[in-house]
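Have a look at this one.
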Amino acid sequence: MNVSQMAIRSLDAFARMSIGRAFASGIGIVAGGFLILLVLVAIFAPWIAPFDYAAQNLLNANASPGWPHLLGTDEFGRDVLSRVIFGARTSLSVSATAIAISMAAGMTLGAAAGYFGGVFERAVMTVVDLTWSFPDILIALIFVAIIGPGLTSTTFAIAIAYLAQFTRLTRAQIVRLKRETFIEATINLGAKPSHILLRHLMPNAIAPVIVVGMLAIGDGIVLEATLGFFGLGAQPPTPSWGAMMSSGTAQLFLSPWVIIFPGVAVAVTVIAVNLFGDELIRALDIRDRLRGA
Amino acid sequence: MILRYTFMRLLMLIPVSFSISVVIFMIVYLLPGDPIDNLLRVGSSAEDRAELVARYGLDRNLIVQYFVWIGNMFRGEFGEAIVLRRPVADLVAQNLPYSLTLGGLAFLFSSTVGMALGTISAVVRHPVLDRFMRGFILLGSTVPGFWLALLLILFFSVNLGWFPVSGAGGWTSLVLPVLTIGFGGVALVARVTRVALLDAQREDFVTLLHAKGLSSGTILLRHLMPHALLPVVTILALRIGWILGGAVTVEFVFGRPGLGSLLIRALGQRDYPVVQACLLMLALAVMLGTLIGDVAQASMDPRIREKKT
Amino acid sequence: MPNLLEVRDLSKRFSSGGGPFRKARSMHAVNGVSFDLPEGRVIGVVGESGCGKSTLARLILRLIEPSSGAVAFDGDDLLAKTPAQMRKLRARMQMVFQDPYSAIDPRYTLTRAVAEPFEVQGVKPARPMAEEVAELLEMVGLNPGLASSYPHQISGGQKQRVGIARALALRPSLLVLDEPTASLDVSVQAQIIGLLEDLRTELGLTYLFISHDLSLVKYFCDEILVMYLGRVVEALPDTAAPARHPYTRTLMESTFEPDPKKRRLIAPLEGEVPSPFDLPPGCAFADRCPQASALCRTETPALSSETGHAVACHHPL
Amino acid sequence: MLSVRDLGVAFGAVEPLSGVSFSVDKGETIGIVGESGSGKSLTAMSVMGLLPLIGGRITGGTIVFDGQDLTKLPERAYRKLRGGKIGLITQNPMTSLDPLKKIGPQVDDVARLHLGMNANEARARTEEILGTLRIPEPALICDRYPHQMSGGMKQRIVIAMALAADPDVLIADEPTTALDVTVQAQIIRLLDDLVKQRDLALVLITHDMSVVAQTCDKVVVMYAGRAVEYGPVEAIFDRPRHPYTQALIACIPRGLDDTARLTGIEGTVPTVINYPKGCPFHPRCPRAEAICATDPPTFSVEGDSAAACHFAEVAHAQPA
């Protein structure tokens, strides 16, 4: 069973109920609704965006927000709103892909470390603890510096920056679960290690990991934006929230909207992700399990 | 007891620093292309190349090379910057004080304000204050630092003209960078303090403290705070590395000199001796941070003191 | 009756620490335990925390690998089994655990939890699974209507009943009961004990009952093993037998009668169970024993029996 | 000395405790016995005035100590009583001491606070009390941290803290539940001696009927937040009139000298959210009739004891 199958399987009645409950609160509805809307916007960007994101019009450069350019234009006269809409595509897909990779790798590593223990666990955790104490931006920067700028390296850089988090969390869950009586009881029924790992340990460990993954997508968006801001992420003319702000710094005084709106997009998205994640944590009642990991 | 613990903890740093230095050393070899080219400026002559090879023993095997390199590092010889054409040690020495000032002030700001806010919100438990705190913490931990920096510049420097837009002249140039870094830090520290205090309040022994007839104030100051400080100290210690390394973006936006901006420029220019030196310094800061955190924790908690020694 | 279980000189030594900066310590959690459990009988193992009674239960079921000794189940040497053989054999020797609250996977419905033994062993019950599950739930006194509930929806006593149903699903002959009622309320404890008694007669089970509660053990068991710091210090052949080991006597005197007219002046034993790490030579109880002599501090008394009542003491009562 | 009348406690809209009454005199031990969720620990918290700490409040009744009603006492005055005149012993000695502070200062606090002693006097007093509790080498113990000591020793420290200011009343909430039997016997003996030597009034909260039988003079049996029966210990054990008390006694295994079979009480212990209407015990009661499900029973008094059961008059004719 691969990770995504496992994730789907873990969404059994129990978890579905919880996600429903996350939507039950006012904050949950607003935050969750916004996120769904954002995903739709990203998917249908070509139909929603009023202008071509790459169309330059130097005659209309640095136009203030108004009609027809609702959020103004940048120094090449490109429509900021259209670029923000297409930027959602880049930011969301890069972050989500990166976190999915990070989660899959982290869960495998963490589960193996937690389940097998011993020297293997100690080796993995030493490396993981070490990277964990370094700022994520630094880890991502070094990685991008090594393999060069671009969206692919940004994706992997984000994945590596959050690998430690998922490994630690998964391992902590597995170690905690291994001590539960039902694991010993199932072993005593004559269960094979694979049954213990796939039917009990992983399904029970996965909920907090998925929630943290969801929260990490928010962090990933910020990290992608930061790398983009340094000019290390999306390369022109691909629109990304970070890259837009990077090219906008020069025009900070002239046309602040070029910076403000992509930033607002990042901030609002990340806040929505956090609020919804918080509701999920509450609905799943796993706050205690996220402590100390 | 605490001395013994510190000594043990220092011993444990040896393998850690060894592995970090190996990783940093290996960077030039992991890069695409010839490692020697990575250390030479473009258009260097064959003599330059031969000299470099001789100096670092680059013709010998990796293990020997590592020891030559680390030996140089210990003597403070970080090599020659490729692009800036100056000794790397000079560059580091020039930039480090800026990083330390900014980092130190941001650290002080975020720890004092964060702990105060966290304590107030845990003790007062007023719904409006609660909502405000949660909003603040959410903003502080989600808004990207560089964007906040840009907004602050736009508002305070451009519109109000209170502080300089960039540079590192005088104390006014420190206000906005410290605020930017501090904002996230304050939110984080406040959250940890709040959670830790609320947790401590739920401990069994607190009931008995009240049953002894102690006042709530005494219990808070003498018993709850020390407990709440344990996780706060861990976070603060981690922050030391984060503030020095994570200041990259803020230094960059405000155009301040410092390790972070040195690193980012060196990365952009592929100036690897500088990159290695910066990373080594930052790693040192991170390790020092965790060391200080662990020792501080041990000095507060007798259980940790005994476990490790 | 033939012996269902024969335990010989079973020992488990744990060592801890031994890091670069720490002195390694070792602990004899279980030390040379031997006994026979005849089919259909109930043997109780009683002792205070840290005496090794729970470890003993796990050693017998090979949930923990013993350091030395032998366990024969139905004449079969358990320690010679391969992991695959052992898994197969587990169907016949089951355990009920102390903490019912975490004894069922929180994501499993009761049906799935009770059907799991069949799934794990690859056994198809004679009847349709739903019927089998309902029958098992009924057997342990649970309403089959609860079958689709999750563990968090039922009480601690009900969870323990599910634990018993799971253990009995594969019709084992041996049931190891590790403090099955220690975390339950008294009124519920009595229910579970009553249920276990009924099941024993109904299904002809053999029990090994682990508990810290001497009065419960006396009520429930045919024979009693008293453990102290990893060793069996006394083996009472029946529950009415008078204590011969000073520790057993203390244990009996520390257990109150639920009758205000039988109040007694407690002459409490000084001190507490010492740390099981790196025990000094001699009898482990010597430091707290009023009868202790110089001999007790140098030589460990062996468990010796006259007339079937074994005691490990140089100066038995 | 201490007299509780008709005590009621609420957390928001939930009322986990109502109509609890008992009184205890100097040199006397009263047992409050019940299963989990019966409200016995809440009773202790109420008397200590610590309910606000866990978010609860007293909704009715009086707690009279030394002639004053504690429910109307301002917090500042209450603080003088806590640890001064009323001492508390909690359930789990493993977690009831501050792990970051040495033993000495933790006990010293009490004498400094309530007896106005300075640091040296307080330490001398601490060592003296530790000595009377048969703790070897008190001076050495004062310099230790809690985690360096065994459970029984920690419980003695907790008792020392409760005794340091020479209180009149001691409230012990399951003082031996977390301890091994031989250590439990030590602690029970210790409490017994203290009551006699110091003329203390002891409120012993426990789930263990055997402990009650061994130590108490009077008993209050609690079920689902209500007192269901109270009286002198002999009367309760000899002629229990409430079906719950009868069943509770029948739940104790007595070994071979009793041939009665252990059956337990049908059903499960109710929790605060599903306290039954009428008589709280009726869903599990073998004797319940229609009236039990609707009308809460009142106490039927007989001599010094009383049982809250509609059929208390006939109940004792057929003992458990």
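Each chain gets a letter, A, B, C and D, in the order it is written, and its residues are counted from 1.
Everything that follows uses one rule, which is that contacts are C-beta pairs under 8 Å (C-beta built on N, C-alpha and C of every residue); 3 or more make two chains touch, one makes a residue touch a chain.
Just so it is clear, the model here is predicted, and its values are computed rather than measured.
Visitor: What's the fewest number of moves from chain B to chain D, given that each move must go to a chain touching the current one?
Guide: Minimal hop count between chain B and chain D: 1.
Visitor: What's the chain with its C-alpha centre farthest out from chain A?
Guide: Max centre-to-centre separation from chain A belongs to D.
Visitor: More C-beta contacts across A-C or across A-B?
Guide: Pair with the higher count of C-beta contacts: A-B.
Visitor: Please tell me the distance, in whole Å, between the geometric centres of chain A and chain C computed from their C-alpha atoms.
Guide: Their C-alpha centroids are separated by 49 Å.
Visitor: How many Å are there between the centre of chain A and the centre of chain D, using C-alpha atoms for each centre?
Guide: Measuring from centre to centre gives 53 Å for this pair.
Visitor: So the centre of each chain is just the mean of its C-alpha atoms; given that, what is the distance between chain A and chain B in Å?
Guide: Computed from C-alpha means, the inter-chain centre distance equals 23 Å.
Visitor: List, in ascending order, every residue of chain D touching at least 2 other chains.
Guide: Not one residue in chain D touches at least two other chains.
Visitor: Would you mind listing the residues of chain A that make contact with two or more other chains?
Guide: Residues of chain A never touch two or more of the other chains.
Visitor: Of all residues in chain D, which touch chain C in the complex?
Guide: It is residues 35-36, 150-153, 180-186, 188-189, 192, 207-211, 213-214, 216, 233-234, 237, 247-256, 261-266, 268-269 of chain D that touch chain C.
Visitor: In their complex, what parts of chain B are in touch with chain A?
Guide: Residue list for chain B touching chain A: 16, 19-20, 27, 30-32, 138-139, 141-147, 150-151, 153-154, 158, 238, 241-242, 245-246, 248-249, 252-253, 263-264, 267, 270, 275, 279, 282-283, 286, 289-290.
Visitor: Mind listing the chain D positions that touch chain B in their complex?
Guide: Of all residues in chain D, those touching chain B are 45, 48, 50, 53, 79-84, 87-88, 90, 92, 95-101, 109-110, 113-114, 145, 147-148, 158, 161-162.
Visitor: Show me the residue ranges of chain C that touch chain D in the complex, using the header's touch definition.
Guide: Touching chain D from chain C are residues 48-49, 155, 157-158, 185-194, 197, 212-216, 218-220, 239-240, 250-251, 253-264, 266, 268-270, 272-273.
Visitor: Which of the residues in chain B end up touching chain D in this complex?
Guide: 203-215, 223, 226-227, 300-303, 306
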